[in-house]
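For clarity, chains are labelled A, B, C and D in written order, and residue numbers in each chain start from 1.
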Amino acid sequence: MDSAILIIQCKDQKGIVAAVSQFLYFHNGNVLEVDQYIDSETGDFFMRAKWELASFAIQKQDIHRIFGETVGSKFEMNFTLHFNEPHPRMAIFVSKLSHCLFDILSRYFSGQFQVEIPLVLSNHENLQPVVEAFGIPFHYFPITKDNKQEQEQRQLALLEEHKVDFVVLARYMQILSPTFISAYPHKIINIHHSFLPAFVGAKPYHAAHKRGVKIIGATGHYVTEELDAGPIIEQDIARVKHHNTVEELVQIGQDVEKVVLSKAIKYHLAKKVMVMGNKTIIFN
Amino acid sequence: MDSAILIIQCKDQKGIVAAVSQFLYFHNGNVLEVDQYIDSETGDFFMRAKWELASFAIQKQDIHRIFGETVGSKFEMNFTLHFNEPHPRMAIFVSKLSHCLFDILSRYFSGQFQVEIPLVLSNHENLQPVVEAFGIPFHYFPITKDNKQEQEQRQLALLEEHKVDFVVLARYMQILSPTFISAYPHKIINIHHSFLPAFVGAKPYHAAHKRGVKIIGATGHYVTEELDAGPIIEQDIARVKHHNTVEELVQIGQDVEKVVLSKAIKYHLAKKVMVMGNKTIIFN
Amino acid sequence: MDSAILIIQCKDQKGIVAAVSQFLYFHNGNVLEVDQYIDSETGDFFMRAKWELASFAIQKQDIHRIFGETVGSKFEMNFTLHFNEPHPRMAIFVSKLSHCLFDILSRYFSGQFQVEIPLVLSNHENLQPVVEAFGIPFHYFPITKDNKQEQEQRQLALLEEHKVDFVVLARYMQILSPTFISAYPHKIINIHHSFLPAFVGAKPYHAAHKRGVKIIGATGHYVTEELDAGPIIEQDIARVKHHNTVEELVQIGQDVEKVVLSKAIKYHLAKKVMVMGNKTIIFN
Amino acid sequence: MDSAILIIQCKDQKGIVAAVSQFLYFHNGNVLEVDQYIDSETGDFFMRAKWELASFAIQKQDIHRIFGETVGSKFEMNFTLHFNEPHPRMAIFVSKLSHCLFDILSRYFSGQFQVEIPLVLSNHENLQPVVEAFGIPFHYFPITKDNKQEQEQRQLALLEEHKVDFVVLARYMQILSPTFISAYPHKIINIHHSFLPAFVGAKPYHAAHKRGVKIIGATGHYVTEELDAGPIIEQDIARVKHHNTVEELVQIGQDVEKVVLSKAIKYHLAKKVMVMGNKTIIFN
């Protein structure tokens, strides 16, 4: 079923919902999903509307312009328009750990993710055979202190060449440079292996073990310049016990990581994530 | 802050959201919350809208009529209108177990529930002192096989006398008659101590123990004629282990029961629950 | 590290723990883990002890005999002895759905499961390429009403030929015959896609959707003759909402299914599951 | 049923479990529960054993001495002995918020907690009527910067006078002095309203709201000199959404706080908590 999604952000004003609803109704749009949120602190208005294109009176290529002229400009909206075809193009970065990558590939294989995966990039070679078994090209970028900047430039060029829309860091153990991050603002999803803001940085399971927490967790978030401090998309936790070793925390945690990361990807793909400052609105 | 809530149900038709939004906008309503749901199987449309009354152009007493004339009739809507004052009036039925009752009273005491509790009814006397310590009248209705029908009639009369809007069964260990139930359709909230539909009926913790489940649960639901089969409002679970006795299941389960029941009450009070057939829509 | 695990079951009697502890201590065993459970209803005693073999005074091949002669016979114990090498041999049965299979293969690949997987069997061909990408032989057994009995015989012969220790049904959509089940008593692990005992049988997500539950779940259990009624090893749940379609329940549920099944396998591999009647004791 | 609990801590050595089991068996103790834990990092051994006293060959008053002479001294054990009668004596400190206090009183009322509550202390008067409705004396200690030290001295004297065994801070909004804390080492249980170590200190719900987390939580821990850094006994979390205000986080969080605190109390009462450095071992 051909559908369109409109994502709107502006200052809250009376009549916005009426105007958008009227626009869709007037042009014979069959509305499938509508969500809106008014942030009472900032006075910002957020909306997501999805409707069928079959009977819609405006041609696909004209919707953006006509909506902008008739509604968007009136309320000074920031808005984007999305169609379910063609699928977005997602690049996956991995290192040695396979659990998140396999979880994503499994959903891709079964058709759960409406996405194209033109390539996987890694600073290690061990996952190459499995990636290629899924028919996805694997690119090996060994990283050293000396070549890091240069490799990132090559990676960025490759992403551009493959028209990548967004990037998933599936336990990629390299910190991206500000240059890289700024090329994909709110379009790089990372999984951090703790319930942020606890245990920022390296080795969170070691830190959790040392602190003696009874729960561990994982956080899917957009990458920003400040490490592990970007807008949180999804979090979850698992219970642990005094007798669990760090190695067991790692195993228990991996089950949380992979599900949290895949949920974050799912929300991102469905355009259900909106960023407000350093927080997210999830229309789910 | 004075506010109104409009609850709407009708067949899905194009233009409903636009019409309702337009109505609120046109009369200068400052919308606080809007939720809608279209059931794709039945083609039913459900909506909940909450707005500030302060600047609203229509007087409180006229809103229902004017909305009906201008919007409701056009779409053949079933709709109800609610104001946050005065608070709804809730009667609590209990037997001997105190955990759900105390949890409700605690929230009432702290102002978390915007509700009046004109009376508590029980078929046992043990909870009378605590109920009265909260300043709430306690009515004792001992029930036997012989007097059950008569006592129910007296209870119904008392509820009517106190203008009770809805009833909460806080682990009340008597089965209500169809006559009683039909007096409060979708206005009697019960807590059942299992994750329904598992373990319907009496002694669900014993049944759970015998089956060897690894999770137990509780279900808050509206009471209908068929036992433990009414529309589910809220459910939650807790993990249990092989070494837990039935008595321990009871204790673990009580923590789930009380929180689930109080959440169901909270949703009901906020008019966030809509019933569709034997299911609920929860706008939360 | 070479280690041994002793699994004991007998009537509870005074002195059992002392006798077992004394046995291990006397022969210089470095105890790593000990768990015991006394069922107060049945009077049964269950114990699991794991110790290092390096310094142990008894040779591997003599432990079973000597323990039986000195301790086991005295208390009329049923006991089994297990070593961490060689790994147990697990056969996986699948149909078309990939999520549980991939989850198992992912853990196998990363070394999380200490297991051999000599073969995967399926009544469909679609998963063959991925299974083979992991270097595991794939056997296709199309099943019809007419050939079912014959195919099961061939499957059993194949399992025997490959010296399979236990079987995992990773969303295998065929019901095994009593003959098959009796060949692997408490050695066939199934994942059922509901929180049993709710929604036994086919299409539990449809049934859950129809009943309007707020949680769905999955149950890992040993297969017995009665459908979906065997001893439960592990269960978990996920929250769902009124707007989730059956298809969405399926997707949400799959995340629970795969983690629950893999946990059940993990406990089984670590000899942490003991069966008592139709229930399990999980030493975790 | 009269029972005894032995809590043991020492360096791990071969033969400990055998010696303790032998001691209980030899003196005809019917063992009800045994748990042990060996910390592989520190080489410390922890054990908890519970047995019936009815048939035990040693008189209550002699058990400690005889165990010490025959087993304890041999392994240089730190050990404590506990009987289920008389119940421990617990003092509750509260401020204005009632949810944790009511939850504790509700369990006390229903007999879930095997404890005496000789008094409740508060720096506010609002909860006095309810506390007294439960028949528990209420002591009002208004705290100012000037009188804080003096009031603490009076509180300590009162606790001593009432032979208080341990203290529960049920959302008590005052920081205790090192002097106070050192009088009850690992005997003051606090509930902190975040999933520590995230959001240490004041106003964690505000901090959680600002950071945009998708889960909030609560932590029950022993109080040590460093704020919110003592050994964690229990933690749990609840999911929150972008539209939840700080006030809603507070309400959602209170349901977690009260259950977590009551669980921590329950474990403490059952002698299931052992402290190892800044971590806890929970034999549950």
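We adopt the following convention: a residue touches a chain if its C-beta (ideal position, glycine included) is under 8 Å from a C-beta of that chain, and two chains touch if they have at least 3 such contacts.
Computed from a prediction, not measured in an experiment: that's the story for all the values here.
K.L.:
Quick one: point me to the chain whose Cα centre is farthest from that of subunit A.
P.N.:
D
K.L.:
Any idea what the CA-fit rotation angle from subunit A to subunit D is, to the nearest 5 degrees?
P.N.:
Rounded to 5 degrees, the superposing rotation is 180 degrees.
K.L.:
Could you work out how far the Cα centre of subunit B sits from that of subunit C, in whole Å?
P.N.:
Their C-alpha centroids are separated by 42 Å.
K.L.:
So the centre of each chain is just the mean of its C-alpha atoms; given that, what is the distance between subunit A and subunit C in Å?
P.N.:
Their C-alpha centroids are separated by 36 Å.
K.L.:
Give me the residues of subunit D that touch two or more other chains.
P.N.:
Touching at least two other chains: none.
K.L.:
Is the chain-to-chain touch network here best called a line, a ring, a star, complete, or other?
P.N.:
Here the contact pattern is complete, since every chain touches every other one.
K.L.:
Show me the residue ranges of subunit C that touch subunit B in the complex, using the header's touch definition.
P.N.:
37, 40, 195-199, 211-215, 217, 231-237, 241-243, 245, 276, 278-282
K.L.:
Once bound in the complex, which stretches of subunit A touch subunit C?
P.N.:
97-99, 102-103, 105-107, 109-110, 112, 129-130, 133-134, 251, 254-255, 259, 262
K.L.:
If we count contacts the way the header does, which residues on subunit B are in touch with subunit A in the complex?
P.N.:
Residues of subunit B touching subunit A: 14-15, 17-18, 21-22, 24-26, 28-32, 34, 36, 38.
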